[in-house]
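The two complexes that follow have chain A in common; it is paired with chain B in the first and with chain C in the second.
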Partner chain A sequence: MEYDEKGVSIVPLDFKKEIFKEARKDFRYDEYVLGCLNCGVCTGGCPPHRFFDFSPRIVLQNLKTKDPELIWTMMDEYIWACFQCFTCAMICPFLNNPGGAIAILREIAVRRGFESARKVLKPYSRVLLKLTAYGNQLSPDMIQPDFFPDWGPDISYASADLKVKRKAIPMPTLQITNLSWDVSPEAMKELYEIFDESGVFKIIEAVDPSLYEIIMDIVEDVRSS
Partner chain B sequence: MEIRNRLNLANVGSDYIHAAGRKLENMHDHLLELESKGEVKVMHINSENRAKDALTLFGWKKLIPTNKIWHHKSCGQCGNIPGYPVSLLWLMNQFGLEYIDERNQTSCTAWNYHGSATSNPVGLASVAARNWHRAYELGYFPVNHCATTFGDYKEMRNLLVENKELRDEVKRIMHKIGRDLVIPEYIIHYSEWVHVMRFEIAKIKKYDLGHVTVTVHPACHTYKMIPEDCIYDKDIYAGKRTAVSTGVALALGAKVADYSTWYDCCGFGFRHILTERETSRSFVMDRKIKPMVREANSDVCLTQDTGCTTTLDKNQWIGKAMGYTEQVPVMADVMFAALVCGADPYKIVQLQWHTTDWRPLCEKIGIDWKKSEEGYNAYLEELKAGGKPQNLYEYK
Partner chain C sequence: MPEEILVIGGGPAGMNASVMLSEIGVNVTLVEKDSFLGGNPEKFKYKFLFPDLQPAENVIGELIKKTGNNSKVKVLLNSQISGFKQTGNKFDVAIKSPQGDENKIFNSVIVATGFEHFDPARDAKYSYQLFDDVIDIKDLEKMLGEGKFLRPSNGKPPRNVAFILCVGSRDRHVGNQYCSRVCCVVSVKQAIELKEHFPESDIFIFYMDIRTYGFFEDLYWEAMEKHDIQIVKGRVAEITSGPDNTVVCKGEDTLLRGPFEIPFDMVVLASGMEGGPQSLEMADKLGLEMDEHRFLKPRNITLSPFRSNIDGIFLAGACTGPKAISDAITEGAAAAMSAHIYAQKNP
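Presenting the complex of A and B:
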C-alpha cells in the first residue's frame, strides 16, 4: 500500500478498479456475494469480530457498493483478521459467503505479492516450506519450548527424546520426527506437479521470493532422487 | 459466463443453474447425474464397506462406510496429537475392520490455504483428486481425519460438480500425473464413522461414565462448511446441532452438558494460531474454556478436529497469567471413546502429549494412569535398547 505524507492512499484509481475486476472475475464470486439486507447476523456470530475491528457485514456491504475505493480499503490488514471459520456463511439468511469472498480477496493480495500480504505471512514461512516441499504441514520437531513458551512448561515433553517417543507411536507412518507422517517421494513428486500446473509455486514466488528459492532447491533434489 | 483466473492456468466458468442457492442443492444427486452422462467417474460405496445410514441437515441420506477404509491422515494430528489417529485405528482393530494407512498420501493443503491463501481452487481440487484416486486404485474408501480436509473436500466436490471447466482443468492435471478424476460418492469425516459405530463402541466400554460431564466443541469446518452435508439426528439436541461427538458421548453413558458459546469457533484462525497467538489464547479462555467450566462444570471437552484440539488444550496454561483459573482436559471424541473402551492412556491415546492436565479425568473414570505411565516408560527403554515397536498393523 502506498500513502502520501498525510496518510492518504496514492494508489491510482485504475489499479483499484483492476483489483475489484479481478475479484469479480473469480468463478466463485457470484455464488459468494448475493443480496445483503445489512441485517448483521453474520457479524453477530463472527468470532474475530469480538477481538478485531472486523465485520463480515462490512465486507459484504463494501463489495455490494462496487466502489473500488471502498474495496481497496480492505485489501490491507482487514481481510487477514478473518478466522475462515465460515460461521458467517452458515448463518447468513441470504446464503452469502463473506468468508469465501475474503478468501478470493486474499488470493489476489498474495498472487500480486502485496506488501501487506508479505508482512502478514512472514511468520508463516516455516509452515509454507514444510507443506510445499515435503507434502505435509506440521512436524513434531517444530514443537520446541522456545517457540511455544506460552504453551507451558509441559511443552518441553514434546521435544525431549522425540525420536524414541515417535517410535513408540504404534503407526509405522508416524515414526518420524521431521514430518507429521512419512510422505513417499512419489506422492511428493505428484504434489509438485500439481503445484506447478495450478500456479501454487508461482504464488509463493510472488509473496516470498527467497522462500521460493529454498523450496525449489528441495523440489529439485526430490525430483532427481 | 466466461471467467479466467489471473494466472491463466485455469479457464474456470460456471454453467450450473441454481434454483435456491448452492447450499440447498443435493450434490450427491447431481454427482450421479454427471456420472450417468459419462462426465465423471464416481467412487461408489460397495458391500465390502459395510455402510451404515445417517441423515444430514435436510434429512438426506448419507452412507457412512465402516470397513475397507483408506485413512486420509491429518498434518496437525500426526504431528502434534498422535493419539488422535492411533485411537481411531485401535478402535477399528477392536472390530476387526480392514483399513490402509500408508505413505502415499499428501496433506489436503487446506489449512495452509485458509491461513495464507497461497493456493487456488484448481490447486486444492487437484490435491483432493490426487488423494481420492490413490484410495480408488487400492479399492478402499477415503475417510478424512481432519475437519478442514472434510470441509475442503466437500467444497471441492461441490465446485467440481458445478463447474465443467474446473473439472476439465483438474482432469488435465490428473492425466499429467498418471491419474484420473474420480469423485467419492460421499465425503466422509472420521467423526461420522465414530457416530454410526457408537452403539457398537458402547458395547465394549470398560467404565461407567454416569458421573462424568462432557462438553462438546463442534468443529467449524465439520458443520459450517457445506452445512447440508453433516450428520444431524432428531434425538440429539432435537436435530438442531450436528449429532457427531455428542452422539458417541451419550451412547457411552456420559452426561453431555450445554454451554452458551457452543457455536463459537476455538480461536485457531488457521493463521492466528501461528502468527497472532494472543488472539487464539484470549478466544480459548474467554469464549470456550471459561463457559465450559463455569456454566457446565465440565470434566472434559470433546473435540472433533485437529486445530480445535490443539488450540483448546495448549492455550489454557497461559490463561493463568491473566487470572483465569478454569481448566478442562481436551481430547477428541475418538480418543475419549478409546479411553473408555480400555485403550492404554499412554501407548494408544497418547495423552502424554497434551498440556492441560488430563489425569484427574482418568482418576474420575477409574483409569490407573500411573500404571500406564510406568508401562510406557519401560517400553521407551526397550525401544532405546533396540527393541521393535509394537504396531497396530504391519506396514507392507
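Presenting the complex of A and C:
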C-alpha cells in the first residue's frame, strides 16, 4: 500500500474503484452479499473476533456501502484476520456469506500480487513449492524446529534421524523423506496442466517471482522426462 | 329459515365471530380441536395483556363466557372437520365430535385456525431444552400466569435475566423470513413484570430492531425510564453453560462494546408465530390457498384480508399471519359481517 509522508493513502481513487468493480464482477458476489440486518450474529460467532479487531459484520456493511474507499482500506490488513472457517455463513439469518466475500477480495489481492498477499503467503512458500511441483503438501523433511515453533520442545527430536524413523513406520513410505507419497510423472504433468489452465502458476509468479522460477525449473524437468 | 354458519377454531377470532353472529340471530356451529375454548391465550394461561397490562381474564375469559353460554352457538370441542364439499353456494360439512358424527349444510364458513408458537429447539444455537434456565416467552407467560417467578433449575430468584428477540422470526435458517409482530412488546411487557417482582435483578433485552409499533412504544419507553431495563443491540450467536449454574449468552454488541459473553441466571427466548399444521390441514380439506410464509392467504391482503380465495369461506385472526389479540378480535367481527352478507345474498 502506498502512503505519502503524512500517512495518507496515495492510491488513486480510480484504482480503488477498479478493485471494487472486479469484486462485484465475481460470479459469487451476488450470492454472498445479500441484505444485512446488522444483527451481529456473524461477529458473535466469529472465532478470530475473540483475538483481533475483526468483524465479518463490518466487512459486509462496508461492502453494502459500495464505497471503494472503505473497501480498499480493508484489503491491506483487515480481511487477512479472517480464518476462513465460514461460521458466519453458517449462522447468518440473511444467508449472507461474509467469509466468501472476503475470499473474493483476497483472491483479487493474490492475483494482483498486492503487498498484503505477499506478506501473508511468504510463510507458505515451501508448502506452495511441494504442492505445485510434486503434488504433495507436507513432507517429512519440512518438519523442522524453525518452522514449527508451536509444536513444542520435542520438535527437534521429531525432526532428527528422519530416515530411521520412516523405516519404523509399518507401511510403505518410499523410504524417502522429501516426499510423503509417490506421484507418477503422468499425474504430475496433469497437475501442471491444471495449474496452468486455472492460473495458479500465474498467481505464484505475481506473488513470489523467485519461488516461481524454482517451480518452473522442476516443471520443465518433469515435462521433458 | 335462519342462517347456519360454521366457525372453525375457538380462539379470540373464532369466538368473537361466533358471538357477533349470534347477536344478529344466526345459528353458529363452532368446531374446536382442543378440549377448551380460548386458543393459545388460554392454553398458555396468558395473565396480563399488552399494552395496558389488563388481566387476560377481562378479554379471553369474557369471550369464553359469551361463547360458551350462548343458545345460538353450538360449541363442539375435541372435534374435527372430516369431510367438506361445496354444493351450489353452500357447504356440506362432515364434523367428527365426541357427540357423534354429523353432516350439515352451512351457508358460509369462517376459518380461524390461529397460530403455533415457534419451537426454539429447532434453532440449536439457543440450547433450548438443553438447559433448564433457557425458556421462551410462552413458557414464561405460563409461569407468570401460575405465579411462578423463580429459576426453573433451582427455584431461586434470578439475579439477572436476558430476553432474546427474533427467535424463529426474521431468520432464513429456520425458514421464517417474516417478523412475528408481537414478540417485542410481549418481551418488554414480561421484562417489566419480572423487574417489578425482582427490583434488584438486572434485565437485558438483546434486539436487532425493536418493533413496539404504534402505542406499544409507550411500554418500551416505560421499560427504559421507569424500570431501568438494559436494551442492547445485537443478536445472540450462541448460548452455552457457564460457571455457577449460569447460562452464557455470546454475541456482539453492535453499537458499543463489541463482543460480549455474559452469564445469566435465566434466558427468555422471544419465539415467534407460525401458521401451524392446523392451517395446512384446513387448506387441504377446504381448498384454501397458502402463502409463502405457510399461513392462509387472503384474497387481497389490503382490501379484504378476511376473505379467502373461495367465495363463502372467510378468514380471521392469526391464521393469515402473526397478529395481536386485538387484531384477531377485530378480524373475527369483520369475517362475521362478511359471512353474514354472503349468506344473505346466497340463500
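Methods note: the second predicted complex is superposed on the first by the 215 of 225 C-alpha atoms of A that agree within 3 Å, B and C clash if a C-alpha of one lies under 4 Å from a C-alpha of the other, contacts with A are read in each partner's own complex, and residues count from 1 in each chain.
Methods note: a contact is a pair of C-beta atoms (placed from the backbone, for glycine too) under 8 Å apart; a residue touches a chain by one contact, two chains touch by 3 or more.
Because the structure is predicted, anything quoted here is derived from the model rather than measured.
Asks: In the overlaid three-chain picture, which partner chain does A:Pro93 touch, first (chain B) or second (chain C), both, or neither?
Replies: The second partner, chain C, only.
Asks: Mind working out whether A:Phe83 is in touch with chain B, chain C, both or neither, as first, second, both or neither?
Replies: first
Asks: Between chain B and chain C, whom does A:Arg118 touch in the aligned arrangement: first, second, both, or neither?
Replies: After superposing on A, A:Arg118 lies clear of both chain B and chain C.
Asks: After the superposition on A, what does A:Arg50 contact: first (chain B), second (chain C), both or neither?
Replies: Both partners, chain B and chain C.
Asks: Report for A:Lys167: first if it touches chain B alone, second if chain C alone, otherwise both or neither.
Replies: So A:Lys167 only meets chain B here.
Asks: Can A:Asn38 be said to touch chain B (first), chain C (second), both, or neither?
Replies: After superposition on chain A, A:Asn38 lies in contact with chain C alone.
Asks: State whether A:Ile204 touches chain B only (first), chain C only (second), both chains, or neither.
Replies: First partner only, chain B.
Asks: Once the structures are superposed on A, label A:Phe27 by its partner contacts, choosing first (chain B), second (chain C), both or neither.
Replies: first
Asks: Starting from the residues of chain A touching chain B, keep only those that also touch chain C in the other complex, and list them.
Replies: Residues 45, 50, 95 of chain A touch both chain B and chain C.
Asks: Applying the document's contact rule, which stretches of chain C touch chain A when the two form their complex?
Replies: Contact set of chain C toward chain A: 125, 166, 170-173, 208-209, 233-238, 250-254, 258-259.
Asks: Show me the residue ranges of chain A that touch chain B in the complex, using the header's touch definition.
Replies: My answer: residues 22, 25-28, 30-31, 34, 45, 47-48, 50-52, 80, 83-87, 89-90, 95, 103, 106-111, 117, 120-121, 123-124, 127-128, 131, 135-140, 142-143, 148, 150-155, 157-158, 161, 164-175, 179-184, 186-188, 190-191, 193-195, 197-200, 202-204, 207.
Asks: Which positions of chain B touch chain A when the two form their complex?
Replies: 1, 3-7, 9-10, 12-14, 18, 21-23, 73-80, 82, 85-86, 89-90, 101-107, 109, 111-123, 126-127, 130, 134, 151, 159, 163, 165-166, 172-173, 176-177, 179, 220-221, 223-225, 227, 263-265, 267-272, 274-275, 277, 279, 281-283, 287, 314-315, 317-318, 347-348, 350, 352-353, 355, 376, 379-380, 383-384, 389-393, 395
Asks: Once bound in the complex, which stretches of chain A touch chain C?
Replies: So the residues of chain A touching chain C come out as 37-45, 49-50, 55, 57, 91, 93-95.
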